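Consider the two complexes below, in which chain A is the common component and chain B and chain C are the respective partners.
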Partner chain A sequence: MSQSILPLELVDRCIGSQMFVIMKDDKELVGTLRGFDDYINMVLENVTEYVYTDGGRRENKHESILLNGNNISMLVPGSKGPDQHPEVAEPGQRSGI
Partner chain B sequence: MSMSKTSKLFQYIGFRIKVTTTEGKTLVGKFMAFDKHMNLVLGDCEEFSRNVPKGKKGEERERKRTLGLIILRGENIISLTIEGPPPQDDSRVKSILARGVQLPGSAQPAGRGITIPTTAPTAPMPGLTGPIQTPLVGMNPAFGRGVMPPPGFPGFPPGMPGRGIAPPPGMIPPPGFGRGILPPGAPPMKRE
Partner chain C sequence: MSVSSVIEQPLDLIRASLDERVLIKMKADRELRGTLHAYDQHLNMVLGNVEETINEIVVNDNTNEQTVKTTKRKIGMLFLRGDGVILVSPPLRTK
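Showing the complex of A and B:
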């Protein structure tokens, strides 16, 4: 029926591979996706958690976590983490955002 | 799952869209998929954010991050707007187009007013005529341009300039002058 893959089907295809998870607050996680449910609660393994605070970035390691899907903002399949997506300052202000 | 082709969002699959999220981020990427929660799949996605992390106080610059393929949770979406038509070199869009769905913004070949003639050319532009396409039996190749049309050929319209003018009787073109063009009104050449 559908010509393109559904978002959750794409998550399903990522099981077993690395996933970069961007949370609603200033937290990001990188780990291997083991499983998820309809709420996108996820089980991740070999997780590195990046917490952005006033003092800069802090890293926490976890062997295995169950992540509540409530606070997830974005998923980047196959990404190895924030270092793979360096931030660049945009020249000039974009208006109308 | 109620995703039909009548869905309003569905017609924008393949377009570049801009999404504003509750965190104040803006995401620009190719709209590839959505579901009932408005979870989105964006391809070649770039993330713009104004709110710098708390570690860099005072800086109010906009930062950009290239994320690539992402899944965005619909819960966090504030607004969604069309940024541009589908990228033309996109194989996925091509496959959709191959199925007969005509998306707006698809390209057609365009020229500069020169059309390829499908019928017999009438009065070609001077200097743009090529060699005569159909080789005539018994034709002397050295004088390819100055032959009269064979019998039965409808002939050229009267007053047509350029090619196909028969050499004056008795005139032999010098070697290498196969083009046989005489300007209208020019006195006939005499060989002494």
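Showing the complex of A and C:
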């Protein structure tokens, strides 16, 4: 069995490379990870922000941001963003009222 | 490196699932199924070979009928922030 790695160590190894950030609400970001702290607040560069609404997906670009770690749900190291992980919709099930 | 098998506190149950497939239920009706590679005391985790499931409840405005819309996507390796975790469990064998 290989030596185990702590979660924050994984993030540390990704400094300098692309990071795909999935937020708790309907927002995702892709950018170059410049640094982070114990609260997983993150400094990202060359960022594309994806905002999901009922009407679809909107993109905003930012040169450099400080992202508040409070609302982060998941981090995907080395990913180019949501287009690299396409969604598969499944048939809906009625739970009727 | 051998892992201790004595379960004394709740986090020991998660330690027993290291390198196994786990089901994580998260806030906002999300689920993750993946291989647990690492965790810490905040329940931050590193998961591999992950399938994310989002169960969205869609209400028909005319009929007030509720439908569950399920979307899935696959992610190779990810870091999960612990404060969004509701529960951690070995996945059901039937799935």
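In this text, the second predicted complex is superposed on the first by the 87 of 97 C-alpha atoms of A that agree within 3 Å, B and C clash if a C-alpha of one lies under 4 Å from a C-alpha of the other, contacts with A are read in each partner's own complex, and residues count from 1 in each chain.
Here is the rule we go by: contacts are C-beta pairs under 8 Å (C-beta built on N, C-alpha and C of every residue); 3 or more make two chains touch, one makes a residue touch a chain.
This is a predicted model, so every value here is computed, not measured.
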item	value
Touching partner for A:K24 - first (chain B), second (chain C), both, neither	both
Which of chain B and chain C A:G55 touches, first, second, both or neither	first
Chain B versus chain C as contact partner of A:P77, first or second or both or neither	both
Partner chain in contact with A:L66 - chain B first, chain C second, else both or neither	neither
Chain A positions touched by chain B in one structure and by chain C in the second	1, 3-8, 10-11, 24, 40, 69, 72-79, 85-90, 93-94, 97
Residues of chain A touching chain C in the complex	1, 3-8, 10-11, 24-25, 40, 69, 72-79, 85-90, 92-97
Footprint of chain A on chain C - complex, ascending	1, 3, 18-19, 26-28, 30, 37-40, 44-46, 57-58, 64-81, 84
Footprint of chain A on chain B - complex, ascending	1, 3, 13, 20-23, 26-27, 32-35, 39-41, 47-48, 50, 53-55, 57, 61-73, 76, 92, 96, 99
Touching residues on chain A, where the partner in the complex is chain B	1-8, 10-11, 24, 26, 40, 52-57, 69, 72-79, 85-90, 93-94, 97
